[in-house]
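You will see two complexes here that share chain A, one where it goes with chain B and one where it goes with chain C.
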Partner chain A sequence: MLMLHLPPLKKAQRLVALAALLLLAVLISPTAADGSRIFLQAGNLTDILRQVSLIGIISLSMTFVILTGGIDLSVGSILAFSTAVAAMFLTRGYTTHMAVAIAAAVAASTLAGLLNGVVIATTGIQPFIVTLASMIGVRGLAKWLTSNQNIDIGFGRDLAAEFAAAFREKAVVIGAYALAAAVSWTVLARTVFGRHVRAVGDNEKAALYAGLPIRSTKIAAYLLSGLFTGCAGVLYAAENHQGNPNAGVAYELDAIAAVVIGGTRLSGGQGSISGTIIGTLIMGVLTNMLRLNNVDSNVEMMIKAVIIVLAVAVQRERNTN
Partner chain B sequence: MHNVSLPEHLQAVAITKRYGGVCALNAASFSLRAGEVHALMGENGAGKSTLARILAGSTPADGGSISLDGAPVRIASPLDAQRLGIGIVYQELDLFPHLTLAENIVIGNLHFPEGQWIAPSRMRAFCAPFLDQVGLHMDPFLPAAALSIGQRQLLVIARALSMDARILLLDEPTSSLFDDAAERLFALIATLKSRGVSIVYVSHKMDEIFRICDRATVLRDGATAGTVEVPHTTPAELIRLMVGRELQLAPRGMSSPASRNSEEPLLTASNLCTAKLKNVSFDLYRGEVLGIAGLVGSGRSALGAALTGMDRITSGTLTHAGAIGLLPEDRRLQGLMMRMSVLENATLAVLGRLSRFGWIRRQEEQSELAPVMRRLALTCPSLAAPVSQLSGGNQQKVLLARWLLRNPAILFLDDPTRGIDIAAKQDIYRLIQELAAVGTGLILVSSELPELLRCCDRILVLHEGRLAARFAAAEATQEKIMNAATNVAANAAQPC
Partner chain C sequence: MKRAKLLPVLGGTALSLALFLSSCAPAGVPTGDPPKRQFVVAFSQANNAEPYRAAQNAFLTKLLAAQPDLKLVISDAQQDNSKQVAQVETFIRQKPDLLIVAPNERAALTAVMGQAMEAKIPVICLERDILQPNYTSYVHSDNVAIGRLAGQFIVDQLTKKYGKPRGNVVAMRGLLGVEGEINRDRGAREILDRYPEIKIVADPVADWIQAKAKDRMTEVLRAQPRIDVVYGHNDPMAIGAYLAAKELGREKEMSFVGVDGLGGTAGGIRKVLDGILAATFVYPLCVDKAAEIALRLLHDPGFRPEKEYLLQSVMVTAANAASMYETYSIPGML
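Take a look at the complex of A and B:
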């Protein structure tokens, strides 16, 4: 009770944290031969954006899922499934249009998300358990489809190679993230669905009494998660030149981390897209900064652990009731 | 003022508490004499619950001092309070529903002797005298969830007694009790007082305060507005202290249900059965206020659940012309989205109307809400403020706004004035009359019989899921209703 306009304050806190991190990254950045700071080079800054784009896209839809009070552990597996479907369509002559391959991968992933949502909404089994099951099951499906082999996308002039060349462009990847972010922000802030998502996560019982469509809201959140993850999978396949049934392991954890660093309450009802974007950037800048300074990747994980706990500790609700 | 010289037992001086920019307590002072029942009054948001929580160690104060029998004490945690002999019964009873009665008493209890090994026989022996003292004659190994709300309250009091509480803080203890449970509580308070326990009684309810309290301290806007000897004051004086002005309790302008025979009812329930209701039959007419009396657990809330389709109707029929709105019993658990804004909460159930292709039309959202807010006299710092910042009365008005925007033909109000301040109650009574005047059919559940008698045209009394009696308001009295609700007189039922 009585948290007097804390949300904007928290938002300011997150921005300050990001700014401080950027400043630190600049200060400790190694310098190039001409004396300029490598961190500030345009190429490096856009590299950061590109590197966070896939997790970034997934964490946007994860924000919706977490806002409903749920969680989606299956996104890493769905991403792998998406890369596999895209690569199969591109390399096995199922189609001559890359749009068909992309649509197939995204549709397959969306279907997986829909399945998560339907099971969660109709059985009432906890989302953690349902998506844990599909994390295992969809991974198995991806491996089964590909006989546990990577499907390589060549560098030649065939359809697959054209696809990879087009969709690994920095501008395309970053543009896709920016578009997804804009769509997510608008949907959450301006639509009935966005309002329902927060209402269901805030107080499901009250949502029931108010006559809100709880089931379809939940189903739509998981469907969105599958859709966005499918798009991320397409970008992954292009970037890595392969459909990889073992891709995306532990992506769900990175996405959840970005969401909670961004101030979204893990039990639902409170959070924002802008927060998730800042959370994603904090993780991306941190990784880049540490790697530029040749920090051991194991140490990097330990530092990230501390950042996650600190970020959530600073933003936690000072709930007095 | 012959007993002014009595020693002060517990004294709190200049207690201050801030939440962010809001000052919940502003140098409030309070003192309690040994063996007295001392009412702590004030409108919602006046700071009385905050003060109680500070005295119980569950909320830290930002400033001020507390002394016990003249010696300064520090109450930094509930454990400190327990050591000092201060116990509290919160409004939302803080029990572990899946643990047994005995476990609830023993857990965290410094007086339960030594060791980690909790033998059932020792628990039983430890708990029995305290359960006995509060009159809870039940198997101590039942889960707490099996108790009614009134019984849970007794359990919490038993726990406090087992912690050797010499000072007992009761935070709005009768807000969810029906009169018979309240009577038992008053008797218990009298017994405890005779044994020298000092009691701080946080409440709004005048009749209770004049019945059981020796003194009353009134808080207004976080500061002490005054302390009075109850025998030497009047309700008007207390209300003046609480709100800073005189308030009139408006009498009910009775509408006549006499000419209804020819009219089609708005709602007809015949032999309605659900898991919690048995053969309930009644009609509701346009512009009628139908009161529902009954003990907690008698089926009052179950009736709302049945009418709105939350509970499955196993047999019988329900016909109604028009939508049924339900204002639930517990606004925090069943009504509000506490993290969402006033605006978002109010318009939640009508977003379909306020949107186009899924896009919320934000201008219309605000322009539709504005007149409803004026009608309810709903005040808030801004439409974007989270409802958690509002007083209980204004929170309830936000929920009412949700239903007014929906404009249902039938509105089921489940204890709408529970735990809210007098001014907000007046606003809700006025609204009920206004809605009835424009033809809405209202069903009003209440734990306060005077409220039912004042607001309703007819009153149904439920007992154990059955309709025990029905009265026209003119012929109903508190006594008749109580008899029917407790099934004292099996012949109380009279058709009307």
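Take a look at the complex of A and C:
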């Protein structure tokens, strides 16, 4: 249990990794016509933040799920479901207030997360299997609701277009991520629920003997995953001007990658929100750096693979110390 | 202790990464060589994994490689809207001399292509429309027209076979809801519906995929005792249907028609040459037109391109397959 004393050091090390990557990105950044480095332009730096925000929000709640020793493979499908519900409410005259459409999309997604949680907590079937099933089922639901069609939000002057214009704003998207991050950090670090999440994942039997509410803790983690993913779906609908039943394919893997790069143990119990945020930023900065230098996209995938394994290898080294 | 060992490893990897990048990735923007102007053309591709799009990349690369003052960079959005938006944003930061976008989906790319136009980068929109005309030029083809051509070819085939337009047709449909699927289907039905004795006896969905088409066609073959023509909304599905029929010994009973007409050994034109497909209809790659517009835009400041270029399809049958194979095959491609 020596590692319990290490968290500050771990965090510092992750920050060092991010800082090194940032430095590398600055060093190899191409320059603009005026000689300045493109990577450092405010526009580019905020591009990165906006681009990681959706996966960032999903990976925050994924951190809770993974900390309980679970996994949520259904987030990509739930995101698609959320975009579809939001776009349907906005374009089919179900409501005249965009808040209603947003609430409907987030509520529907939260419900899907709740269902995951209840099935996992009450049946004892592994989370991998339950959320694999809902990944398939919710994708089917989204496609069925929309008859396989994208629902275009358009650029007119109607409610839907107003919604898209408001919620695709860089500041709003980045702000939403920042808010979600602050809430997640507070909940995990400062609440009883946060302690329960770690305890359940660290040693479920011990948590059971200690009388902790294991079921409700698990249910809440998956519910949170649905809730956050629903919010990301709303932002996706605005950004892409559409409800899209095919959206979010493989987003679960990007989110899981961010979480594990951030040092959260895939078997649960150990990890942090700040780690996940750093993990998300590492992937975002890496993508931007490689794109700015026009690295071949296949090479980009190979480099990312190396980074993921390397990051987790470093954490493992520490854990076995 | 191990931690101490791994940090240098990390650092070393980062350093070699940097060296690797700086050696293999020339900067997107010209550096200090003022005399000769280097143009950068950025191409945001929706999905390299589709054969049609891989052919676009290869053809455009080949066309622009002949220009010494021009550098082409291609990004691959892997069929993901958000990824493509991000990649176009990054291109905008790099300020290329021209941007070509093959949008993954219309709604998603509209706004960011508008940002590129605002940044004074000429934009060529390739093959798929967007919701607002946020482009300098839009180069595309017409899937309804291709569907009509295919429909007419099927009518002619059946008339030749039976002396009058009658017979059983199977349509292999692509991914539902996609423009290509909707319009290739609609165009063909417009023609076929005029002949009451031509029946579409099955229209299974095979999502553009050859393997899926083989499975769906096997089911159709079990259910339908007589089939005259299979119309695949793309060549791979027509080929998949052929493989299913061959497995059951029925490939001689019917003919197979596809769309796309890519060159190379894996493309549909080769399959016409081999006698597997009766015909395929070339869905223009559009990049040849885009390259032509790009070169004139960059070299001739007075050039004002059309807002829209509509490219016609070409029918490939046994009669012209050999020469079409020459035209559409790109060296270095399968």
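Everything that follows uses one rule, which is that the second predicted complex is superposed on the first by the 313 of 321 C-alpha atoms of A that agree within 3 Å, B and C clash if a C-alpha of one lies under 4 Å from a C-alpha of the other, contacts with A are read in each partner's own complex, and residues count from 1 in each chain.
Please note the rule applied: contacts are C-beta pairs under 8 Å (C-beta built on N, C-alpha and C of every residue); 3 or more make two chains touch, one makes a residue touch a chain.
Note that the coordinates shown come from a computational prediction; the quantities given were computed from them, not determined experimentally.
S.K.: Judging by the criteria at the top, classify the pair chain B and chain C on chain A as clash or fit.
M.R.: Pair status: fit.
S.K.: Counting only touches as set out at the top, which of chain B and chain C does A:158 meet: first, second, both, neither?
M.R.: neither
S.K.: Let me test your reading of the model: by the given contact rule, A:169 touches which partner, first (chain B), second (chain C), both or neither?
M.R.: neither
S.K.: Counting residues of chain A touched by each partner, does chain B or chain C come out ahead?
M.R.: Partner with more touched residues of chain A: C.
S.K.: In the combined three-chain superposition, what is the angle centred on chain A between chain B and chain C, taking C-alpha centres, to the nearest 10 degrees?
M.R.: 130
S.K.: Figure out whether A:249 sits in contact with chain B (first) or chain C (second), or with both, or with neither.
M.R.: Second partner only.
S.K.: Quick one: classify A:202 as touching chain B (first), chain C (second), both or neither.
M.R.: In the superposition, A:202 contacts chain B only.
S.K.: Should A:30 be classified as contacting the first partner (chain B), the second (chain C), both, or neither?
M.R.: A:30 sits against chain C, while chain B stays out of touch.
S.K.: Applying the document's definition of touch, where does A:190 land relative to chain B and chain C: first, second, both, or neither?
M.R.: First partner only.
S.K.: Working from the superposed arrangement, determine the closest approach of chain B to chain C, counting only CA atoms, in whole Å.
M.R.: Once the two complexes are overlaid, chain B and chain C approach no closer than 7 Å between C-alpha atoms.
S.K.: For chain A, which residues lie in the overlap of the chain B contacts and the chain C contacts?
M.R.: 320
S.K.: Sort out for me which residues of chain C touch chain A in the complex.
M.R.: Chain C reaches chain A through residues 1-3, 6-7, 10-11, 13-14, 17-18, 21-22, 24-29, 31, 48, 73-76, 78-82, 85-87, 89-90, 93-95, 105-108, 110-111, 131-132, 175-177.
S.K.: State the interface residues of chain B toward chain A in the complex, per the touch definition above.
M.R.: 19-22, 24, 59, 308, 310, 326, 328, 333-340, 344, 348-349, 351-352, 355, 358-360, 362, 385-386, 388-389, 402
S.K.: Residue numbers of chain A touching chain B in their complex, please.
M.R.: Listed in rising order, the residues are 1-6, 190-193, 195-196, 198-199, 202-203, 205-212, 265, 269-270, 320.
S.K.: Give the list of chain A residues in touch with chain C in this complex.
M.R.: 13, 17, 20-21, 24, 27-28, 30-33, 38, 41, 43-44, 47, 51, 54, 147-150, 152-155, 168, 236, 239-242, 244, 247, 249, 287-288, 290-295, 297-299, 303, 306, 310, 313-314, 317-318, 320-321
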